[in-house]
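Next come two complexes, and both contain chain A; in the first it sits with chain B, in the second with chain C.
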Partner chain A sequence: MPIYKHMTKQSPIRLTIDGREVETRAGASVLEAALENAIYVPHLCDHPDLPPAGVCGLCVIEIEGVGGLPTSCVTPVSEGMVVRTQSEPISRGRRLAMELLLAGHPVDCGTCQKYLNCELQSLKQYLGVEESSVRRRAKLLPVDSSNPLFIHDPNKCVLCGRCVRACWELRGVGVLYYKKRGREFYTYTDDAGPLAETGCRFCGACAEVCPTGAIQDKQELVADKNRKAALVPCRGACPAEIDVPRYVRFIKDGDYPAALEVIREKVPFPKVLGYVCDHPCEAECRRGEINQPISIRELKRFAAEHDDGLWKQNVSPDPPTDKRVAVVGSGPAGLTAAYYLRLQGHEVTVFESLPEAGGMLRYGIPGYRLPREVLEGEIRDIEDMGVVIDTGTRVESIDELLEQGYDAVLVAVGAHTGQKLVIPGASSEGALISTEFLRDVNLGNDAAVGKKVVVLGGGNVAFDCARVARRLGAAEVHMACLECRENMPASADEIEQGEDEGIVIRPSHTSTRILDRAGRVAGVEFLDVASFCFDEENVPQIEVIDGSRHAVEADTVIFAMGQHPDVPEGFGVEVTDRSLIGADPVTLSTNREGVFAAGDAVSGTASVIKAIASGRKAAVALDRFLGGSGRIDKKLAPQVEPMPCLGPGKGFAALSRVAGSCALPEDRVGNFCTVAMGLEEGAAADESTRCLQCDLRLKIKTVEFWGSY
Partner chain B sequence: MTVGSIPSTVDVVVVGSGATGLAAAVTLAEGGAKVAVFEKQRSLGGTSNFFQGTFAVESEMQRERFITFSRDEAFRGVMEYSHWLANPRLVRAIVNESGATISWLQEQGVVFTDATINMPDSPRTYHVIKGRGEAVVKALVTQAKSQGAEVFSGKPVTALLKQGAKVRGVVVDDDGEEVEVAAKAVVIATGGFANNKEWIKKYSGFDLGANLIVVGNMGKAGDGIRMAWEAGAAEEGVSTLELFRVAPVGPEFAMGCELELATAQPDLWVTARGERFCDESIGFWDTQVGNANAKYGKNADTFSLFDDSVIERVADRGLDNNVGMDALPGRKLVNLRKEIQAALENGSRDVFAADSIEELAGKMEADPAVLETTVDEYNEACANAYDALFAKDRKYLRPLVGPRYYAVRAHTVFLGTMGGIKVNGNLEVLDKKDEVIPGLYAGGFDAGGMYGDSYPIKGSSGLASAFALNSGRIAGKSALKYLGRWEAL
Partner chain C sequence: MRYEHERASEHSVALRNCGRIDPRDLNAYIAECHGYSGLERALGLGREGVIAKLRSSGLQGRGGAGYLAAAKWQICHDAEGEEKYAVCNAVDADPRARTARLLLGGDPYSVLEGLLIGAYAVGAAHCFVCINTEYTGELTVLQEALEALRERGLLGSGILESEFSCDIAIKEIAGSLVAGEETALLQALEGKQLLPYRRSVYPAVRGLYGKPTLVNSAETLANVSAIFQEHPAVTGPGGLAGGGCGTKVVTVFGGVSGSCTLEVPLGTTIAAVTEAAEGVPLSDLDLKAVQFGGPTGVFLAGSGLQTPITYEALQEAGAAMGSASVEMFGGDRCAVEMARDVMLYLERQSCGKCVSCREVTYQLADMLSDIAESKGEAKDMEMIGELCEFMRSNSICGLGKSAAAPVLSSIELFAGDYDAHIKDKRCPSTST
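Then we have the complex of A and B:
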């Protein structure tokens, strides 16, 4: 009868191993008893998360009163048992077992990507098996790299069966089998078909438990990367380290408030992010290697839309520290830092020069992308924690704040100053700057555009300008950028939605002059770009096509090409030669003691999630500076151990991405109503079910090598 | 669990568990110092698991075998090979220590099977290990632990800590958490930067993975060198690589497969254009063939050509050129046809077969006219028993006559980077003013100064592992002196 781990609790068993009296639980194997007591017994097929198999023959031992060399992984302990793990016969038995394992295994440690992470190599080192009495053979089986995520090299398989047990017994998926080709055995799918067609769930348990290089992660996905970040790349790619698989699982299980709490453990703007995050997680999602990535942002929005508000019961500021912090700027970086600093017990005042809080979330991003009530709701939550936001107050110098007795200052003023290209005609009437244009629109100022608009730039801000121009009545909107279409910095959904709204994109264009008629913009003159890149000094290198000069008519031109912070003269912190605020990239401290800086003001225009992450980092640094622990992470969601069993996955790989729908272009270009509709409950359930649950793999225990004993 | 938690204070931290780090750790532990070894990989030993033998002069084993090659001769040989670019005090220290290190390793439980040599015309400096480097790693880890040293695997050191000019400890990455370990001295032995694409490009101009393939190194990012440089250490020898040539390379070809052995034989080798580029018998000395291949293989691959007569010869008479100690001269290749067949069936981009030189050139994407001329001229040289082009020894002039012709793509391969941190003869790390950084030591592939622009294999085979072992030993002794423990021994 096989012994399963962690059987019901009974009184402990006492036995003697190598002369030492040790204790273990009833039902444990002799191997487990030895390892638990720091007595190393070499083993290969056994794995702490899998039922034992007893096939590799390495873990043989001697038991007093029992003949031969029992296999310790399948021998249960019994009271008073006397075990020896080292003797000449045991050594001979282990060496023979090892020689049999190595006989068909290629001698290519030197080029194997598994080297130094390989149990077989470590065992070979431990047992000192080199000259083999068993005849070596080359299997010469083809290596299969046709599947997404994994490479199968049957030549390296030692038939320990861990992958098969993991697939069937740990995960309940059941797609890996023992196979035979010629005289050689290995493991693969039943009909040798692709993993995607067999019902594989791509959980990676097989690769995780494989003790050799027979099933490996594809190098491009893991090489030179932090292991955890590479194996759960959505979480690894999130600047704010949001635990994506965990909240996706809560959505799958129907516990939407818990999903929101997971997001809230790292950010105070879940819903804003659900609308406007540029989702670097989706670019890394391992499901993307199979068909399409999970719609992570849409799921985030779905969770945020199902907020029951109960998380607030578990969030309250720590006792007062009597420290006062001034935050300059109420954008995502400033408000995030303010929120966490407030929760650490500090008194926090945020100064905002514009009439309302939100920074670029309000004065940059247009309302059709981010409904104002969403933004206002989340800002109100921050204020509810006791953060004071002082709007319409421009801070002219740091000294002003220090004189008012603030113990520390965070500069998070964003990058609100745009720029024009230095080309002829740039000062013509009707030539606008992106930031000023968007700010005017969002302030409700008069911001008329002509019928024909050209936006210069290819990023998300450029799209904001172009799409707002359409909404203000422009009949024809062109966008021109240096990059070729594939390299445009704007996100894919902006490009798609912009084109749906009739915006004409002109990639690989460089503008040489603004054409004018009596001082008013009349068009833009362009050259076609053959190639565009940056050299080692980050200087743009543009190669144009001779004779490609052409013009596009326009009555309004909007420059959307790079922004920097608006720092008042004599503000009192160092400004770099890129017009950014100089701050240490790790500590975010400036050249002045107690003054920190975060967000776009430090990095230049980045993204909302990067600004939030920067705000978090600043909160940690400021809190430490003020004598706090710097521990700002919250435990809000229930700690639930996920089920390791996934069950059969027939059709799983083919499930395609569920994306939210958009309002029809003709219904949206005339107004500022929300474009993206979000996911309905059924769609969210379907989409969350597509998740590979990559994080389960990190729950699998790591086998310790002999050197750790 | 098994090992204890990471100590907050030790006498010496050793960074890396290869031959350098372990030799230092055992030496230090023998001297009574409290030592912690931190290895970033799960398995111990790194690249040191691979070496099959090690260089030494005036060892007891050599004395027993009437091998008279002396320390002075070895010293002069290494220095002359480097054109005195190497650091003479460092070379002298390593050479002088080497003989005693063999006996010391024997005391640790390492078994040497012979003192010999593994290439023609070279002094017998090569001490062959039973169970190769893996056995050295096993023995030294076991000894270090029994002497009280602690060995942690899967725990990278990420930074050096200094107080004023002196080293005061390290930062260890303990599964994502940064832990400080205070130490009076630190020995850096992380094994170079062979897997660091950016540095390889910067310091030696190769594109790692494209025109240069790394063997036997995993995850070598240059951690130790970076940390030492950050702590003010000067640079030395950072551009030297231990080069050689291998055909074919790829996941479908095991290292040491018969195809690899066959293509190392001194038959006919050509550039991608189809021209000979060296006296093929320089293949006996890895550095020479590595340098020659790199010269022509930086922009395109080279090829080893052979025919059925070669396949019959290596099956019948066996190898001329050995590959390591597992495939010595005379080894007969019995699976070669099977391996070629499997490679062709698997659609390899490295192995080609054809019925004519012209057809073969097409598959290699070489110029058929050039390749035909090359083979004609080579066969003529064979007929005349004189290689007017590269003066290859006539005993290796054997024509290619078909009926089938084969070409195997060859790559420039390297076994490690051979410099980085400037040290003196005591393996103390030097700053940019040549002042010692108190408490900081480096050895093995992290330390520079042992070589000039190439690895001196012909006169001192096994020197890379010897440098690791002996630099580790000397660094350990120097650190004991620094701790005031050496006199106490």
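Then we have the complex of A and C:
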């Protein structure tokens, strides 16, 4: 041991517990000393993250030369102290304490959500308290499920005071109190009003530290879910596992480059995502239970717009592995995989049949949603790492690549082939397919539409077609889809922005034929749909309303109902009966050794973030296949521990969502200028402050049950 | 209601000016009552000198525990910290006691002068007076007094042209039995819920906001100013500086004459105080027992009534000074009902933090109610003993620690009453 250790003021304290000499730091409590040394002392009100209270009466011990049964959680250790943790008087005291704690506690453990996860139950078993020598009673207090996120059953409260200490001492929020109703105590807000009106920050610390079932997460939010994913659902919902609360906190703290680095730890397309991600995270955001979810995507864009580029200094490819990877397709899946594989030290070439890289990001998503310079900037960053992109080169078969000496191949060709419904008139002139239409527009080819356009489909691609049609001069654009309005697959902001641009949405419609005049589209005939769903075999079940036949005039019809990959004949990988590339869902390997597949080509049209996630997964699998570790996560952002203290939250619950503003509809239908304006700095600060910081809860230590000692 | 001090008792120290001067008149306090000569003397003595003088007086804290005042000041003085606080406890947690009320309403300057001397001695620049919210009239007097002091330069920076700067703020405290407990007061001062906490070190070392904090009762502080003023009540025979033990303010109630507050020399017996309050000899009073020291005080009867009111003698008799109130119970009362009523009250006053105090007061209240209704069983008595011991040893504040005392003393003194209820299923105090 180095000399200076003896010289520090805080030299360790030696004491004897149950005949064993143990060492601990000065200032530790006897309870801490025992637990640290794997000597279990039962305790309930004490919690490793909270100041001790000494109120539950369970952790009593004996100390030589000290009378009575001192409470070990509030007794500091001293040099030479001799402690006993087991004796007849000790167990009598502990049992009486437990009997009293249970005197008003319900007995029906089996029906409690906390069953088998309850510290009280575990302690009761440890102490072997079956019968009670004290009088038992039912408290008959009302259960409160009126608040968002949490359910509060004061009957199960044993007044350990942990929630109150967590609320005041750990979080500095201060909204929970000891309360009394009739003769019964419980903990609650001061005036028993709704949590939202008290200044609660909904951090969940109270539920986390409650040892019983008194404060719990609402069952529907956590049942059958992975704990971490349920408690930090935004992160859990992000297919690429971006650490959302962490970057939102960096934005709140004004460190925008660090926020960007957090995003870059998982994806090479922060800004693209900031524009076009369909943000599944926001649907899960716990703030949404209180009022509206955090504008996570807007904050991502904000962070990306404040890139200082310094992250590049910390990112460089590992030493060359002498392995060569061919990636077929330069969409988000292919480029993401290429980027991470390059960083793992492999040589990566991406083949793209179209003239420019980006896949659907360029040839599907219109420019008013994703400015081209944003896409090009992030592709350039990927190229800067040494990824070679070979555009205008269509790969006709895998063998071709293997012959060129590539060690592994990733097929990420996307789903660029659309389809038409098989209905009369579908081949009339003026009946187009979404993917071809959008590709032509983005290639700059002549892609004229008529004055009246009907788009068949209700997803985001359908909206892209409809909104592009408006921009190409269509005066009247209708969209018709099978789904009812509530179930339309398009994202809410697409629907809103589309309607603002004058698009008429006709939900619950099924098209029965394309009307034509001399071989040219003249309109679409529809029936109204009473109900629409998929059966167990995923076959659509449509029930129409009799006598609802009607027609909508049109000179252009665009089919936007599902895409599949364009796989050349004799390509050399298995294609499923849904026209997708067959790949193992976990390893993404195909039927051919060394050939993997990712993105929409495997899943069918999904989303940019799913494609990126799939690209990450493919990179891991490929790297492992090539003999690497498969560890592609980067540590870029500073590793700072977040402050556990949140402070008073008066008005916090009422703060409403700050969404990015949009250009005025009349200013945008005539051109392809960017619609979404993003967030100003003040707005981003406001929005990031609304975050509940759900991840802080996972920092709270869990109490070890006696079984683990 | 009678207050002994109104008869200008020669014993009065704490209440020495009450009823003698206009409490709002700072000039009268200075001119007629040696006002602020105490602070002036203290400033001249220096901080160590102040504590030495207080030590030689032997003053024990008048708030209940009787801790040597100078020892507490010394600890706070020695405690490390730039920032320190001094707090005057003027809550009167025992609803029958009213010492702080009399002092703040009748002679606020004596208390405030004592508080400033304490603040000076320990090195505090911020003081608080914690006053019961019910004391609205006294609050006004106190506010006016602070205003007058500020105007006179007796509060604020450079008091009495010295280096000493200090301010005093008022904190209103909703009255309850735990409200007078010092850790609970500190919580309330921090804006938290008024609840005691288990202290591992004295508030004098780590108190308000974790800083060294001197907490003294209003009565202690009124004694302090008298000591430093070298007031005749202190220097005279029987006074602390005259070789005596000083005085204690006592409130007697429950008899025919309502409620009566007197200041008596320490060492006066409980019997003598009771006689003085009621104005008749003990033999004419038909007393079953008295409860001494507030709601958690013990019952005393017979020879116990001859216990002198000193911290030591009370302790020897198994009692405690507490609020020094004396509640009289007539000869026709049933001991079980008396104990039950006290326990019902204590159950309501428990703050609920400790399982011991919260649950045991609940259990005892139920058991004593049953016994009082002659529904109790012999095994209940055993359980009462075990629960009482558990409550005493596990509770974190003085309330829980002492809440068993009334029951235990009642059982000891009046086992016959309990037997009658349990064995004979009848109440010995009713003829039926």
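One rule holds in what follows: the second predicted complex is superposed on the first by the 700 of 709 C-alpha atoms of A that agree within 3 Å, B and C clash if a C-alpha of one lies under 4 Å from a C-alpha of the other, contacts with A are read in each partner's own complex, and residues count from 1 in each chain.
Going forward, a residue touches a chain if its C-beta (ideal position, glycine included) is under 8 Å from a C-beta of that chain, and two chains touch if they have at least 3 such contacts.
On a predicted model such as this, the values are computed, not experimentally measured, just so you know.
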Quick one: classify A:V575 as touching chain B (first), chain C (second), both or neither. neither
Touching A:L140, do we find chain B (first), chain C (second), both, or neither? first
For A:A283, select first, second, both or neither according to whether it touches chain B, chain C, the two together, or no partner. neither
So, A:Q121: does it touch chain B (first), chain C (second), both, or neither? first
If we overlay the two complexes on their shared chain A, which of chain B and chain C does A:F185 touch? Say first, second, both or neither. second
Touching partner for A:V82 - first (chain B), second (chain C), both, neither: neither
Which positions of chain A sit in both the chain B and the chain C interface? none
Give the list of chain B residues in touch with chain A in this complex. 1-3, 17, 39, 41-46, 49-50, 130-132, 134-135, 137-138, 141, 151, 153, 176, 195, 213, 215-216, 218-219, 221, 249, 251-257, 335, 338-339, 342, 346
Per the touch rule, the chain A residues reaching chain C in their complex are 52-57, 60, 68-69, 71, 74, 76, 93, 96-97, 100-101, 103-104, 133-135, 158-159, 161, 164, 168, 174, 177-178, 180, 183, 185
Contact footprint of chain B on chain A as seen in their complex: 35, 38, 40, 106-111, 113, 115-118, 121-122, 124-126, 128, 130, 138, 140, 142-143, 151, 153, 155, 224, 228, 702, 704-705, 707-709
Which stretch or stretches of chain C touch chain A in the complex? 191-193, 195, 197-198, 200, 347, 351-356, 358-360, 362-363, 366-367, 383, 386-387, 390, 393-394, 396
